[in-house]
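Below, each structure is written out as structure tokens.
Two complexes are shown next, each including subunit A; its partner changes from subunit B in the first to subunit C in the second.
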Partner chain A sequence: MYSLSQSIAPSTPISAIVPTWAWQPWSPSDEEPWNEARVQLMFRRGGFGASPQQRREALRGGPKVTLAILKGEDRSAAGRRETFELDSEAIGTSVRTGSSSEGLAAWWLHRMLQSPSPLLEKMTLFWHGHFATGAEKVMDAELMYQQNQLLRRHALGDFRPMVQAISRDPAMLIYLDSVSNRKAHPNENYARELMELFCLGEGNYSEQDVQQLARCFTGWEIRRKMFRFNPYQHDSGLKTIFDQADIESGEDAIDCVLARSAMPRFVCTKLVRYFVCDEPNAPDSLIAPLADQFVRSGYSIGEIVDTILQSRWMLSQWSVGRKIRSPVEFAMEWMRSLEATTNLEHLARMLRPLGQAVFYPPNVKGWDGGRAWINSSTLIGRSNFVVDLLGDPNTRFDGKSLEQWCSDQGIQDHKSWIDWLNESLLAIPLSDSEYQPLFDRDNEGAASASRANALITVSRIPKFLLS
Partner chain B sequence: MKRRTFALGSASVAAGIALDSALPGRWMQSVARELNASAAHPTNDRILVVLQLSGGNDGLNTVIPYRDELYLKARPNLKIDAASVLSVTPEMGFHPSMKDMADSFESGRLSVVQGVGYASPNRSHFESMDIWHSCQTKQERHGNGWLGRYLAASANERDSTDAPGLHIGGEALPLALVDRQVQVPSIASIEQMRLKKPGVSEPTSLMNEGPDPVSDPSGLLGFVSTSTASALAASERLEKAMATPDQSGDFPSTGLGERLKIISRLILSGLGTRIYYVTFDGFDTHANQPDAHAGLLRQWSEASGAFCKSMQRAGQQDRVLLMTFSEFGRRVSENASQGTDHGAAAPMFFAGPELATPIVGEQPSLSDLEDGDLRFHTDFRDVYATVVQDWLGGSGTAAVDDGVERPSRPLKIFRS
Partner chain C sequence: MRCYCSIVLVFAMAGWLSSTCVLDAQDAGSPVEKSMQESVENWLPATSVIYAKLAPADAWLDHPFRTWLVETEPFKKVWRSPEVLKARSGITVAEFALGTKIEVLLRKLTAHGVHLAFDPKTQGVVLLAQANDEEWLARMAKKVIDFARKDAEANGRSPIESAEYLGVEGYKVEDGIFAVMGPWLMVTNKSELAKAIIDRKLDPALPSMGNASWHTKSNDWKLDTEVGDVARVLAIDIDLASIRSAMSDNDLFQKQAKDFGLELFLGGILSLLQNAPNASMTLDMEPAALSAELSCPTQIEWFTEAREYYVGPQATGRALPPLQIEGSIAALSTYRNLSEMWLRSGDLFGQEVNDQLAQADSTLTTLFSGKDFGSDILGAIEPELRLIAIPQSFESDALSPSLKLPSFAMVAKLRKPEAMQREFKRIFQSFIGFLNVVGAMEGQPQLDLASETNGSLPIYWGSYIVDADRKYENGLPIQFNFSPALAFSGDFVILSSTADLARRVAESNLNGPSEAVEDGVSNTLVELNVQALKGALESNENAMIAQNMLEKGRTRSDAAREIETLLSILELMGRARLDLSFAERAALQLRVEYVQP
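Up next is the complex of A and B:
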């Protein structure tokens, strides 16, 4: 048996991880010190990487301070927030009236890159994949923007008001055809996905439940881009869902779905997969303490995320390299670590071939994640992305050239640059067989070219795909 | 004990012979027997192109029982009546936007397999699609698909170094093509497969490093390493193939048209790949179906028509088969949104070579529904097994891998 303080080996099977151990807050010990690797693990999983300055603060401060930085509750965040929100609003206003399909993505990428609260953006991205809604069907930038703000408002709040709100969200109603759900012959689309994809998971409801639930949502329409309840199209008879025979309204039906015991397990399993490891799915026994906490806290998402991010399991060596970076994580971590900025609409366009265009999830299930991110085209896409980004004259590093930025960081020669990249961009350090050739093939040209080429080379090593 | 029925390969005889499945212990032996049998098969160079209609195609408005009173009654707003249907038999006609496919049908190079599905149909897009890809339910599944298993089982017979299968499309690699022992590249577009080389140094060599010798407890490191190697190989091979003259001819400039054109170009360039996979999304017509569905069917029909013509011009029509399926059909009764909800049984389509019979099995009865949906009489796994055995010359049992023993020719779809 494991004692409570003992850690787990990287090769421990997930079924052998002890639940009471896993979710205790991590604390430093001689074998497991608070170090650079843990700082970066926490920044990768809870945000989109961090600048050298933030990493130094986090290393000094410990996990609590790191979590505060991720949430934007640190001292420096307060000063930056106002300027950031003004910038974001300015971009948002221009893209909502614009016609470019990349505009909204540009607005959101700016938030991911610059937000003083990266965890909030990370969770908004989680919910965008969970309550996936595609702009190609909604065809209204304003509604997509409003949905994104709704997800952000609830991202770390309580799950119940979130589900109630998203069920009335105009973009969602359009995407899942609820706008035309009439009592004469209910449309089952939203009812099915509410249970299958949003709350319970496949296999935790019957076809009968789908049909009954669809009746509850009849008459939920939108008028002039706003939710409207149309009593003339609502089937006001009583419906039976999960043996509960007295359900009438859509609101009650949602509460009835949320009360199922499958719900907390379903949501917590997905959160663990998002933060800790792509595969395999954690066994129910490992999810149970989180699910219990979720219920006790009144379905508080923020509480669960706090528990996961500070946990022994998440911060153990076991978790390192257990996730494949999503394309957005890949790009944002690369950029945040190097304090890079570039033309945002161009950035949004460059991201498409990597397989994750925000606001355009592949279907209502969102992105599958994990191994599904990887195929020949997306891999070539990731390689080309780095070349394109470095080749774009708009790309600057804290406002400077890459060479100047390196120099200001105290990186003066090729070796210190390779070592910095190895320490800052990779979850698993380079092996000797990867490290040595970076010197053999070193090009003796201009320093700027060799800095960029080394960066491209390291970014293309397969290991770079892991988080 | 499972019971499963087999459709016979004749338009007049729908379904009938019930066959008790083998027990698990016995099917292991039968897999081994099949594997040996397939090794003795003469290897052929036939190609299978799978076209997946995602979202659940309304089969009833694709090949239409336009004289059936029950059909006309169930679809007051969506029905395609005798006046507009492209009738090909006294009972059946194609949707009016499917001219190319109706023509192929009349020339004997398109077959409709009616009433395809599986027992206890699942109406979730994702679960049903996974069932079609893996041939297994969620509980039985182990992360691979029927074509992946076929490619793994036939790996020793391959004499080409080209990718055994190719997925053409920007979405994630379909589960059907997955198996731990094979790497199937995904090609979003030719442009996206071109690796940019930044000049001075030689950065790709490190991308080709094998899996790290250090421990890889999660297996992810090995996975990303082999995937990268396979991506680089595919990128290079593709560049070579696309440097040959384009003999594919005209294709509609739709997404599907472009993807099928890539496949045509690759086949005609002499690529040794035998399985191609392409998806076409948008069939989830819960609302405002008439225009949306007509547009989808037109794109499908025109693109597959162009593909078959392209193969014919090059004299390749007898070795390239286009197979089309969807994860389910749609509810018989329309809903109040001018649409249809998720259903069950639906037709499959085979096009390209001369086929044994124009219609395999009967249109499922509209008077004998299961929860408002059409009942299947032909298990899709029997169709797959037939394709693998009769068309590709492989082991259908190893590909389908569902523990059911089948006769050597479950369905008569192909001439030989």
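Up next is the complex of A and C:
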């Protein structure tokens, strides 16, 4: 198994990590070579795993090429993008015709699995959890689709236009009751969540700010599935938010919220948690350089994500195994690593018992993530997921059987298969006590059964939960 | 090696299974052959419940159907596909191992037909085939066994077991057991069944299927039918009574249906399944068609009073001739007294369905302005119902829905035309209003109500309005497939999904040359134009490809290839007809014509 830099020990407390060191771009050295482990770490965090071919390319090319692959800016992606977008559009049109949110989930899973720009899908998933909107309340697949495309358009763009756009998004207006936000009876839901969950975090606003902000959004309605400003329901008086007394419109109010110093810290903290470590929360001192960069760049999300993914901290041994794979990451990484395809509608259904049905976040806070992914029920769900997937006759591996796929990868015997799984699917290598039983248990029977059994067993090992 | 051995065995077995059938007339006609057939039936245990005979391979390999099929482009395309090429290489290996062409092997092995049976007591399936050359069969069997032994040895699997029973040597290869008895080859999955057959072969006095009453009574299904170019390739005899008693918990055998659709479509057939002692099935190859028939004896008293809605009083309910409109995809004509069915639901269905129907009845009665849905609305029409579906054409791509559905219409005769025309018109107007209110709440397009009188044929319809303020980036919504219409023609009422089809149906001769199919006994008739269906599917090819990608996780090119193959197969077929009748012997007949080059 490959190893990463020991420049900061895995046991180093997060408070001891030096900010100026953390966000410097990582560069290879004799002591810290660009190796398979770093390739995989970058693909896991910046995407949903990678095929053996992509990993070989990334290993040859270094971190910049790897980032280009994740962003779909490598040479091979250019040819695939057009075909992929045509495929995705065909599926999207089909599921929207059927008005099924479950079909919509299948459409998005297709994008996560096949997209030549996996980082874009990973970030769309991040914003879906951040600006959480549930299909069970919106009850309109078309609106959920439109919101998802909006998140994708802005996922790596600038934060300001994104917040302005999501505030007018029909699905969001329905989900947070803005449609009933009238001059006579302001509804505070959206105003509160804009500050607490989307931009600033708890403790960075007052109840009066919420009330004033809600007045700014009065008259923001939807008509025939589109945003409409109704001047007769809008409170056009001046409002005072954060001591700024000249605010009239909703747009001005959003800019006022975005200008708060808490905003860059809040957003960057969430991004660090998403890409680097679930816990503990990074101290403000560690976030500060990123937040400064965020402000300097005009709130460019893409710049911050680039910095994080290429940073010394993220590519250090310290960050390995610091995250728990979300159910979507668990499924997608498993499938992309093995170049697997399957019935996408069934796949979408299978993710529900694991605790992450896309388009159905549990509440406006989105998914808690981290340790919350794991309980006795979801653990059994993850185990059954792999068994179900392998038992589905539609599951193919680059269009072949698992046995044939292994053979094409040069995996000829049980040991080489176990070693491949150890190196390709696990963030932390198996210990001897975990490695040895795989031979006792799975060395019997036909090759096809043995391959599948070993895959199931490895997927059940607790370490497989870690990213 | 292992793979090749499996291919040899599977191929030999699949060959017999697919090759089929029964008795060519010359062989079957001879007394010697007759006695052989009878003896095979006498070898099978009396507990057997399904018995099938397949014709010799000669009957279908030399049939014009096969000659035509292999020359068709779709067949050639499939023949050259990677999947088939892989199987063909396996066949080549099998031929090499056996030292003979598979086609020759099939012809020799099935020279006198193939017999298949299922015995639930042993859970055994058996295949018996009589070769025309005893020595040749012994040589082939030896080659297969030798090959299987070497293969098992090379792959470290358990050796091929052999055992002798009353002088017959049997071999166990994986899950199959096979034995050679003179010119006869026996393949089965259960040794108990093999022993039972050997016992009866040696002692004809033992009870057997040959003298079981269900089988002797059903001997009117002829195994030796060959008229001109028509070859009977498969005949199956089923002991329905035994199956019924073994599966008494199955929904099909319950007095009250648990599913509304099941009762509506299969109610009369369920009565037969619940009473008939036996059933038969045959498959015939004609020069230009394949036809299959499923039949069983029938008695009027088997149809309870509650099922009169399905078969009519004294089982005299008859379908009218199906509607004939040029270019139609499908036409269905049936006898169903829907009012009677609705009002007898307490007898026909279980509690759960009845609860749902009571709820639906209340809603529908409100929707139909206080008229009782079962007696006033459904009771206003005669039980002879006709439906038709035709493809739609749209003015331009910009004005096309993203999913293009065929238009369809239902025609029924009104019991009191003058009074009911006015009622139906009023109800239709309310219905359009209801759709507009519900649609407006959900942001859906709105219907514009219109009417015209074409001669003496009044037509009322609603058409969806394109919203000029709205962008339809992916084509118009699915609603634009519809312009719901109501029309009257003489005593007939026409309910159609589009105004255009309503006009065409109204202008057609609904009375026809006579009101019933002359001398017809059909309860239900379905006519399908497969080429028109293919055209309708082709206009939705992109949606089908996308659905295939979703369901199978395939790439677009792979999904497109599969859809293309499906459409190619449809290209081979012309018209199909399904006919259900309850005469002296109830029968469900399916006939599919194939397209001649």
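The definition used in the following text is that the second predicted complex is superposed on the first by the 457 of 467 C-alpha atoms of A that agree within 3 Å, B and C clash if a C-alpha of one lies under 4 Å from a C-alpha of the other, contacts with A are read in each partner's own complex, and residues count from 1 in each chain.
Heads up, the rule we're going with is that contacts are C-beta pairs under 8 Å (C-beta built on N, C-alpha and C of every residue); 3 or more make two chains touch, one makes a residue touch a chain.
Just so it is clear, the structure is predicted and the values come from calculations on it, not from any experiment.
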Subunit C versus subunit B on the shared subunit A, clash or fit after superposition: fit
First, second, both or neither for A:97, with subunit B first and subunit C second: second
First (subunit B), second (subunit C), both or neither touched by A:453: first
Contacts of A:345 with subunit B and subunit C, given as first, second, both or neither: second
First (subunit B), second (subunit C), both or neither touched by A:167: neither
First, second, both or neither for A:307, with subunit B first and subunit C second: neither
Partner contacting more residues of subunit A (subunit B vs subunit C): B
First, second, both or neither for A:83, with subunit B first and subunit C second: second
Touched partner set for A:337, first subunit B, second subunit C, both or neither: neither
Three-chain overlay, vertex subunit A: subunit B-subunit C angle, C-alpha, nearest 10 degrees: 90
Lowest C-alpha to C-alpha distance for subunit C against subunit B (Å): 15
Subunit B/subunit C common contact set on subunit A: none
Complex contact set, residues of subunit A against subunit B: 10-11, 176-177, 179-189, 192, 196, 202-203, 207, 210, 277-279, 321-322, 324, 353, 355, 362-365, 368, 371-381, 383-384, 387-388, 390-391, 428, 431, 433-434, 437-438, 441-443, 445, 449-450, 452-453, 456-457, 460-463, 465-466
List of subunit C residues in touch with subunit A within their complex: 402-403, 443, 467, 469-470, 474-475, 477-478, 542-543, 545-547, 549-556, 558
Residue ranges of subunit B in contact with subunit A within the complex: 54, 122-127, 138, 167, 170-173, 185-189, 192-196, 198, 200-207, 209, 212-215, 217-218, 220-221, 223-225, 227-228, 230-231, 234-235, 281, 284, 286-288, 333-339, 341-342, 371
Of all residues in subunit A, those that touch subunit C in their complex: 83, 86-87, 90-91, 93-97, 103, 106-107, 110, 113, 224-225, 340-345, 347, 394-396, 399
